[in-house]
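Structures incoming, each one as structure tokens.
Both complexes below contain chain A, partnered by chain B and then by chain C.
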Partner chain A sequence: MLFTSYEFIGFVVLLVALYYVLPKKLKWPLLLLGSYVFYYFAGWKFLFYIFGVTGITYVAGLLISANKTRSDLQLKAMKGQDLPKDERKRFKEANRTKRRRIMAVGITIALLVLAVVKYTNFTIHNINSLLTVFHISKQLNFLNIALPMGISFYTFQAVGYVIDVYRDRHEAQRNFFKYALFVSFFPQLVQGPISRYGDLSKELFTPHPFSGRVVGRGLERVIWGYFKKLVIADRILPAVNTLIGTPEQFKGMYVFAAMMFYALELYADFTGGIDITIGIAEMLGIPVKENFERPFFSKNIAEYWRRWHITMGTWFTDYIFYPISVSSPMLKLSKWSRAHLGEKAGKRVPVYLASFVVWFTTGIWHGASWNFIVWGLGNFVVIMISQELEPLYRKFHKKFDTSGSTTYKTFQVGRTVLLMSALRLFDCYRDVPLTFKMFGTMFTTWNWGSIGDGIFLQLGISRADYVILALGTLLLIVVSMIARSGSVRDKMEKRLPMPVRFGVFALLVIVILIFGAYGKGYDASQFIYNQF
Partner chain B sequence: MSEVNENKLNKAELTGTAAEPAGAGAAGEPGAVKSESGAAETGAQTKKRGGKARVAALVVALLILTAGVIYVLDLLLRPKYMGDVTEGALTAEYYNAYGDHDVLFVGDCEVYENFSTVQLWREFGINSFIRGGAQQLTWQSYYLLEDALRYETPDVVVFNVLALMYNEPQNEAYNRMALDGMRWSQTKWNAIQASMCEDESMVDYIFPILRYHSRWNELTSEDFRYWFKKDTISYNGYYLRTEILPAGEMPPARPLTDPNFGDYAMAYLDLMTELCQEKGIHLVLIKSPSLYPHWYEEWDQQISEYADAHGLLYINMLDIAEDQVGVDYSLDTYDGGLHMNVTGAEKCASYLGKVLVEKYGLTDHRSDAKMSAYWDEVGARYDEAKNAG
Partner chain C sequence: MDELISILKEIHPDVDYSTATNLVDGKILDSFDIISLVAEIADTFDVVISAEYMIPENFNSAEALWNLIRKLQDDD
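Coming up: the complex of A and B.
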């Protein structure tokens, strides 16, 4: 059930209506049922995966929580017995180790499921390549495994839950079905955001009474999401596919066009999908974490990554970067590097090493291919270089005062857009060497003169499509500019009377209905991040 | 609007837990009024409730207005079938026709191009209508008949059997031409269900804008001219052509892989037969005198047997086209023998009208002043088009 399908729209309307009609105690079970029905439509076999991951992490959470409660009680009892401090410490440590082991087993099994379905064939491909290199004729057969919808998202969410229970951020959820709802909550099942149990659970299980304002605001967000997805992302899609699908024909300036078109498509697609997700949750009275903060207005890559796919970034920071940074081997390395490389450089070694792991994981999380790995590491390299050049920047800014300069800010934003879009070329072309080659043609094949030759009208989109795209993109930019000083919907609510606001969104609905790329004659396009 | 500061929805609002002012609405307070349920209510609460009702009414009004605007745009974006391809306009014209019909034709182009309804009126006083469409499939003919029977019960229904050669949905464009013009009813729903090709969706039929929205960049002056009102294309379902293109050599008949008509198509013929029997209507099966597609001997045999078994009249006009109907294939066809032109259609109507009057004693309505006036108007348009051609 694609978000853009009639079935999905009907499903959401029915679910929201039922949610507000049903008695309080049936509201969250309805969401669970709805989420599993939604997932069933992706393929009944995939239910086993989500059910398995839910079951494993649920048990792990319970065991950790039970151990913690038991050990806390025993520690309390020990206090009265006047036992030596060391013994209590040992007891505490022993139980912590137990909990750590349970956590490790739980998350390892969950991640193993993800690894098997997502990376087995990639591994086989690499082994086969190695066998070829060593002139061994034997080749391994690929496994016929379909990637279950949203597995990367819900596995990470479930793993985060187990770690948070271990870290005592919250208690384990004892009700299996409530926990199953947390893992499977349907709007965010497909492409995130990756929610934390502590953030989502309370509102997820609270029965929300009907509020016209709440449903209306959620609906506004959903409409905006569909506008981005159907009017912009899916309209530019044929041009992107043509440009990257025939690299031998489209070099030089066309690579640049592909790069920018894909950046626009990805942004409209992913943020549009998240708008739909958050909007649907809002319609049910459930606030879901934001995933974007106008990322293309960032002044550097590090900032961009704090504003793009925020929940994924914070997940990697909290559950990979920090644990690695404070792990005992890393602390030893830090000590060693400071001693041997000096305080300044030595301090950076463990940070960079942890960052390397994070970016490698980020890359491979996005997809089982070298393109994504190189893309992830590309981000790492750019961020690292940027940090290393920090003293140089400082010197430059000391000499040339750019503070408050709009031109310089625009330059910074433009630089970020270009850098991020260039890195995203790894999403586009079929392999890493081709990506480098095509990127290179931007500088070696100078064909900007052919820009007016009409080739852009042969990419699968017409002149009228370009006009719609230009106007749509302009609206995106304007809305983002207005959002710099606060919520656009809040502003509209404060300043515009309800009929005018209604009119604005009704107009947007009409624009989507007429100018949206959907239905027959258009390929029903899956959201890009569904595939990750 | 997708950004972080966009989600600053008041949490109390989201959770619906906004607290009422303490003590608000307590019974006995100044300004408190008793609600119908007997609970005490303050003036502020009553005002709030009234405000909510006003907002709800406003929202409903705005929703209706939006739906209205979308409907008007939908009308603009739908194909008008007023230019080169006009067959799509035929189905809807049935609802504007006058009076109960004596004869109702159902079928494909072999009926709506081969029988002049005006000739049937002028020669026999028969009030007839052709519910035909391009490549109209058997199940579509069945449902168009069922639809017509919601309004009237004709004496005779004539079904052209060529469509039985198709046993499954063929083409969205033809489906649309046959079905879009139908008024909404359970019958239309069933007709769509029976006709949809694999990549079609019922939602697209219910909300045509979802199917035709991409025509926004193909709109022509025709779309604006016929936005709200269309011309009448047919003459009670008859599609008049005046050109002459003599019949020539037809492509050789391809050997039949299966001489039997398909089950799906035959099931609908059964339904048509049952429906007519139930309503006391005479069902007449005809094979129109079109030379192509080839009408196989095996098919003819099957239909003859079917007609015998069900007590139906079957006329294969192809066999008697020249001898008894009087069709001259060098003059009476506009496309080389595939369809009749107006002179051919008049000959076919003359022949069939005579048979129907003789066999079923159809009433001559020419003395009916109102009906005559209606047909005079149709006839005038008909003559004008005929003479112009």
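Coming up: the complex of A and C.
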């Protein structure tokens, strides 16, 4: 059941209506039932995976919480017994180790499930390539495993929950079904955001009374999401597919066009999908964390990554970057490197090593292919270079005062757009060498003169499509500019009377119906992030 | 506390740590700074700040960080 299907819209309307009609007690169970029905439509076999990951992490959370409660009580009793401090410390440490082991087992099993379904065939492919290199004729057979929808997202969410219980950020959820709802909440199951239990749980289980304003605001967000997805992302998709599907024909300037078209498609697709997700949750009165903060307006790549797919970025920072970089071996390495490489260079070693692991993982999380790994490491390289150039930038800014300069800000934004779009070429072409080759043709094949030859009208989209895309993108930029000083919907609510707001969104619906790429005969595309 | 302030000053000399209360939320300290800080604290105070304490509230001000160091020292 795609977000863009009529079935999905019918499903959401029915679910929202039932949510507000049913008695309080039945509201969250309805959401759980709805989430599993939604997931059933993706493939009944996939239910075993989500159920398995839910079960494993639920038990791990419970065991950790039970140990913590028990050991806290015993510690309290020990205090009264006037025992030596060392003994209390040993007891505390022993229980902590127990909890750490439970956490490790829980998250290892959950991540193993993800690793097996996502990376087995990639591993086999690499082994086969190695066998060929060493002239061994034996080849391993690929396994017939389908990637369960949203597994990367819900596994990360469940793993984060177990770690947070271990870190004592919150207690474990005792009710299995409530926990199952946290893992499977249907709007965010497909492409995130990756929520934290502490952020989502309270509102998820609270029975929200009907409020026309709340439902209306959620609906506004949903409509905006469909506009981005159907009017922009899916409309430009045929051109992107043609340009990257026939690389031998489209070099030089066409690679640049593919790069910019894909950047627009991905942005409209992913942020549109998240708007639909957050909007549906809002219609149910459930606030979900924002996943984007106008990322293309960032000054540099590090900032871009703090504003793009925010919940994934913070997940990697909290659960991979920090644990690695403050681990005891890393602190020892830091000490050693500072003593042997000097204070400045030595300090960087642990940070860069941890960043390398994070970006490698980010890459492979996006997909089991070398393209994604190189894309992740490409981001790592760009961020490290920018970090190393920091003193140079400081000198430059001391000499030339750029504060408040619109030209300099525009340069920074342009640089972010170009760098990120260029790195995203790894998403497009079939392998890494081809991506580098095609990127190179932008500088070696000078065919900008053919821009007016009409080839752009043979890419699968018409002149009218380009006009719609240009206007749609312009609207996207204008809305983003307005959003710099706060929520656009808040501003509309303050300044525009209800009938005018209604008119604006009704017009947007009409625009989607007329100009959206959907319906019979049109291959309504999956959201790009579904496949991750 | 003075030792902590001088470590912080090495990272960002221009910040007034006696008044600043939004070092992380105000994006003054980034994750790179925090890691350097943790390594320095481990050396100077013989205290390991593990990942579970890596939350903005513990790093938003010199005072919060100092309280964390003392708490971890007490736990030892």
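Quick note on the criterion: the second predicted complex is superposed on the first by the 532 of 532 C-alpha atoms of A that agree within 3 Å, B and C clash if a C-alpha of one lies under 4 Å from a C-alpha of the other, contacts with A are read in each partner's own complex, and residues count from 1 in each chain.
Convention: a contact is a pair of C-beta atoms (placed from the backbone, for glycine too) under 8 Å apart; a residue touches a chain by one contact, two chains touch by 3 or more.
It should be emphasised that the depicted structure is a prediction, and the values quoted were computed from it without experimental measurement.
**Q** In the superposed arrangement, does A:84 touch chain B (first), chain C (second), both or neither?
**A** neither
**Q** Under the stated touch criterion, which partner chain does A:23 make contact with: chain B (first), chain C (second), both, or neither?
**A** neither
**Q** Check whether A:452 is in contact with chain B, with chain C, with both or with neither, and answer first, second, both or neither.
**A** The answer is neither, since A:452 touches no partner chain.
**Q** On the A-aligned overlay, A:487 touches which partner chain: chain B = first, chain C = second, or both, or neither?
**A** Once the two structures are laid over each other on A, A:487 reaches chain B alone.
**Q** Chain B or chain C: which reaches more residues on chain A?
**A** B
**Q** Of the two partner chains, chain B (first) and chain C (second), which one does A:499 touch, if any: first, second, both, or neither?
**A** first
**Q** Please output the residues of chain C touching chain A within their complex, sorted ascending.
**A** Within the complex, chain C touches chain A at residues 30-32, 34-36, 38-39, 42-43, 48-52, 54, 75-76.
**Q** Quick check: in the complex, which residue numbers of chain A touch chain C?
**A** That would be residues 89, 166-168, 302, 317-318, 321-323, 325-326, 328, 331, 334-335, 338, 347, 350-351, 354, 387 of chain A.
**Q** Under the definition above, what is the set of chain A residues touching chain B in their complex?
**A** Of all residues in chain A, those touching chain B are 6, 203, 206, 208-214, 217, 220-221, 224-225, 228, 271-272, 274-275, 278, 282, 285-288, 290, 292-294, 310, 462, 464-465, 479-480, 483, 486-490, 498-499, 502-503, 506, 509-510, 513-516, 518-522.
**Q** Given the complex with chain A, which residues does chain B contribute to the contact?
**A** For chain B paired with chain A, touching residues are 1-9, 11, 13-16, 52, 55-56, 58-59, 62, 65-66, 69-70, 73, 77, 172, 199-201, 203-204, 209-211, 213-214, 216-217.
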